[in-house]
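Have a look at this one before I ask anything.
Per-chain numbering from 1; labels A, B, C and D assigned in written order.
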Amino acid sequence: MQIAMIGLGRMGANMVRRLVRGGHHCVVYDLDAEAVAALAQEHGVEGASSLAELADKCERPRSLWLMVPAGSAVDATLDALGPHLSEGDIVVDGGNSYFKDDIRRAERLLERGVLYMDAGTSGGVWGLDRGYCLMVGGADEAFRQLEPALATLAPGTGDTERTPGRDGEADSSERGYLHCGPIGAGHFVKMVHNGIEYGLMQAYAEGLDILRGARGQEVPAGQRYDFDIARITEVWRRGSVVGSWLLDLTAAALLRDGDLQGYSGFVEDSGEGRWTIQTAVEEAVPADVLSAALYTRFRSRQDHTFAEKVLSAMRQQFGGHVEQSTA
Amino acid sequence: MQIAMIGLGRMGANMVRRLVRGGHHCVVYDLDAEAVAALAQEHGVEGASSLAELADKCERPRSLWLMVPAGSAVDATLDALGPHLSEGDIVVDGGNSYFKDDIRRAERLLERGVLYMDAGTSGGVWGLDRGYCLMVGGADEAFRQLEPALATLAPGTGDTERTPGRDGEADSSERGYLHCGPIGAGHFVKMVHNGIEYGLMQAYAEGLDILRGARGQEVPAGQRYDFDIARITEVWRRGSVVGSWLLDLTAAALLRDGDLQGYSGFVEDSGEGRWTIQTAVEEAVPADVLSAALYTRFRSRQDHTFAEKVLSAMRQQFGGHVEQSTA
Amino acid sequence: MQIAMIGLGRMGANMVRRLVRGGHHCVVYDLDAEAVAALAQEHGVEGASSLAELADKCERPRSLWLMVPAGSAVDATLDALGPHLSEGDIVVDGGNSYFKDDIRRAERLLERGVLYMDAGTSGGVWGLDRGYCLMVGGADEAFRQLEPALATLAPGTGDTERTPGRDGEADSSERGYLHCGPIGAGHFVKMVHNGIEYGLMQAYAEGLDILRGARGQEVPAGQRYDFDIARITEVWRRGSVVGSWLLDLTAAALLRDGDLQGYSGFVEDSGEGRWTIQTAVEEAVPADVLSAALYTRFRSRQDHTFAEKVLSAMRQQFGGHVEQSTA
Amino acid sequence: MQIAMIGLGRMGANMVRRLVRGGHHCVVYDLDAEAVAALAQEHGVEGASSLAELADKCERPRSLWLMVPAGSAVDATLDALGPHLSEGDIVVDGGNSYFKDDIRRAERLLERGVLYMDAGTSGGVWGLDRGYCLMVGGADEAFRQLEPALATLAPGTGDTERTPGRDGEADSSERGYLHCGPIGAGHFVKMVHNGIEYGLMQAYAEGLDILRGARGQEVPAGQRYDFDIARITEVWRRGSVVGSWLLDLTAAALLRDGDLQGYSGFVEDSGEGRWTIQTAVEEAVPADVLSAALYTRFRSRQDHTFAEKVLSAMRQQFGGHVEQSTA
């Protein structure tokens, strides 16, 4: 099928390539004309120099995929794109938008008969070859129209062992894409997915920190261990219940740089991790682990928190304690 | 090689079978004579009716593997076994012992020239066929003597993708077993492994709870979703960064029982999870996620905590709040 | 001064009484006519049977204080009240509203020249006699107009020891009320105040639970203690750094019911605790303790979480573990 | 009564002074002869140049109070002191020892008929004038013998409002000292007391950090507040449910240094905070808040944790994310 891609960053450009490999035809646009020119040289890709031209080059009903940064960039793009769209067109937001924004945006597009879909996309730099895990929200008819592209972008059944109890033809979830529900459902599932990701990452990180701490000053002399953490993560990759893709990646990083001296430990977070907590709070669901994982990232980006200074001040007031230097 | 197995529970018996399949010869003992008799009927297995007989049937230097419940059972077994051992024998504790107990036990055995090894063993009910991930502590010579058995018990390289950057012959960590360091190192690594396991499980559990919470009363009517959580875990198995063996198992459980109505949610914990936290505290390593995962299990086994009653009492005292019934 | 009170629940009615004791005159209204009639019998109180009548009975510029449940009740009251207000009138929302709602509401009222103030009010059932701690947001002129009433509602300097370094005339914060900033600032401060309250309560609750746990089965026989927790909280009230009003209240509750058998431990939460976490997340401020305190309350109201069932399911899949009954 | 004080640091010296003010006679010893000489010049204080001399100067049965650093210093002192003691003497450990050490030490002293008491002591630099809150463990007869000294050290009923429901003569808990139970009970209660203290401190610290965060970049422009945090803590001291001694101290610190620029936020922790968590884990009592409070302190003393570097490494492996500089 023909699909238009708006936003040719690392994710967008690779998704175009995977679609073309799968036999689809892509019309592409980006604010950066050079990005358009570069990608348009590849087989099966047609460039557009404006959203108007993009819309013009698409067969109707159009299928347009947005891969732009979440937030105001999505609104700006939809504002600019809207006048060029017609009834029956489908716009997919493949970025990491907030599900409540999806609902708002879908309502506005529906006023002119345009269908909106939200597609959470996981795959990182590996997606081009491995495929993208796709979590999609929106109307059934939009999902059906878009399904050929989704099936191509997704990993397919691959060599993942089949879940015991499943038989017959693989349903779409076994092929790596899923229609999760109405508008917002895809980004909701992707949001929670990333919240879980933070928790998993933090669980490994704390465990490895405890292994490393076994070398340390706080431990009595006779109980110290100097572990080879790279090899430990390697052995856990086989037969152990903590095996995972994240562990595979960790083992690879530790093999190269066993003490991780090349990293400072300044850890960004993105909207999904925050929205996950805010949603948990709205739902009254306890989310201790996911919250702690997020807060670690907040903390990692500060020299000292104001909270810690409050503790120091209290200690001095009560006990006459004077801080030791961190130096 | 010949290896003696003491303790024929689910883990011990299956390890004997995997050893025999790998061409080793096993002499086995258990407090339960029927367990011995049953296993001794299998090819390559020889039963013993007492620890004395077991020791007698072993070629020297003996290799003995304990697979008994952690704690006093290990001490009792070692007390009973000790007099039958000779210099150069090796005793492996394959259970989930505390690494500080290993150090103490190894010292006592060394007094009569017996070498001690601690082997953390992961694999659950899957180990017989998939192999056991083995984390071993103790002296180099003991590890070398035992290595043929360890290599058989372990999964081997299997079809796990090789970590980028590794080449040449696979080292033992790539075959699923690792000499982690001196006495206690194996159980230390297994302890942290289980601590991480708790954290990973809790991360998934909270995320799925937030998905489920989207149905709920606390959510405004227009923002509710009724997710098919079984299919969501299925789709995450392909191409997503949260893919893992634990996720595979979760998808399987949800396929059978989508609401998990067959489970009450009364969750046990074992020593390793607790020791992980206590070790983190000794090392002054922050372990927010691993602690929260453990505390969730504590909480799951109570109707209401005393802490919660304290909160209720304070609220009544201060604000005149009267509790609503949980009914 | 004359002040109108809208909402005669426990808080509103007592605030009227404290105002009247302080020499002010109150016009009062409630949806419940009986509440109006009852209070109007007291000295210095005038009842109104409708918002129109209330507005009519007030001298201009009016000072009106809302003490209605947070949320839609505030909007409904403002919608009904608006048409009866005139330029220069002041409306105070003394309930527990979200500071973002304050900003929205103030904008609408300002369209007709009405000034809005938000007043966070702490004091519970004790406020009538001890006074209410007041955290106020809004324009300077509104604060000045309202100050005589605020000063009466507040506790005054009382017998609280003066903070070292303060001298001269007590500023308003030393008398128990504070103009915290522009619109929303009062409720923001009250929100954080309640977030802190949850954290303080949970700190005491966990500590007392650990004291109680010393009796328990999990503790080795020689290390058990059977503490008199009521007397422990009593002794902490003198000379100890954990002394506080919450501790006073806890000691009183434990004196009456040492095992707190009269409480189930079903603990409600209100908006402020949730907004505190959501605000921390927006600000990227780590809030581990305040979050954990909130999640404990969520958890206390459930029999078992879905998350816990997920854990049970994973354990069975991996290890063949079967849950023990909670019974 | 006569009481011997061993250890004349800030706590020990002030306790001697308070005892003398109360009419008791003190014999004092410290490893630092100058500390002994200085204090011996004060009225009612007699110095000793060795433990032998100290023992010699005491009437029998002796009452000896140790105020030395917890840990090996206590054992060393007891080893040196032991030979000079006689049946019926009482040794009090007033420091912050681990309750399991108390049990061990008491057993050894009992071999020679010496009674051991453990006394948790709270009061900080304020204790000299306000009195010390004392939590005592040990035998009844030892408590009775020591009670005159305990009553003097404690704050007494003071002007603390009496707990409703208490009448008649004030029991000892109302006068600030309590016999908590057998050996170890005093230090157990003090341990939990300090665990609670950490939690309370962290609750305030996080709340104030959220107030301060309202100024910050992460907040949308129209929702920023620039709060006067010193005045906010001041207003909370009156009529608010978060009032406490810790809040009083915080208000005093903020009055002097509103941005706490004089503090780096490097926060020490002591044994009690750690033992509280380890005890909670042994008891299977959830302690989310107390743990998080401890971990914040651990984290405050590091530039970046190894855990954070693991997160950075994973992010780069999966998403190609490159860290931003912290600079």
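Throughout what follows, contacts are C-beta pairs under 8 Å (C-beta built on N, C-alpha and C of every residue); 3 or more make two chains touch, one makes a residue touch a chain.
Just so it is clear, the structure is predicted and the values come from calculations on it, not from any experiment.
Each chain's centre was taken as the mean of its CA atoms, and the one lying most distant from subunit C is B. When the C-beta contacts at C-D and at B-C are tallied, the pair with the greater total is C-D. Centre-to-centre separation between subunit C and subunit D, using Cα means, comes to 31 Å. Averaging C-alpha coordinates per chain places the centre of subunit B 39 Å away from that of subunit D. One inter-chain figure worth recording: subunit B and subunit C are separated by 47 Å, centre to centre, where each centre is the mean of the chain's CA atoms. With touch defined as above, residues shared between interfaces to two or more other chains in subunit A number as follows: 124, 126, 202, 204, 206, 208-209, 213, 241, 246, 252, 282, 284-288, 292, 295-296, 299, 301, 305, 307, 318. Those residues of subunit A that touch subunit D in the complex are listed here as 10, 124-126, 201-202, 204-206, 208-209, 212-213, 246, 249-250, 252-254, 257, 260, 263-268, 288, 292, 296-297, 299-301, 303-321, 323-326. Those residues of subunit C lying in contact with subunit A across their complex are 241, 269, 274, 277-278, 281-282, 284-288, 291-292, 294-296, 298-299, 301, 305, 307, 318. Listed in rising order, the residues of subunit B touching subunit A in the complex are 99-100, 103, 122-124, 126-127, 130-135, 154-158, 160-161, 163-166, 171-178, 180-182, 184-185, 188-189, 192-193, 195-200, 202-204, 206-211, 213-214, 216, 218-219, 222-223, 225-228, 231-232, 234-248, 251-252, 255-256, 276, 279-280, 282-290, 292-293, 295-296.
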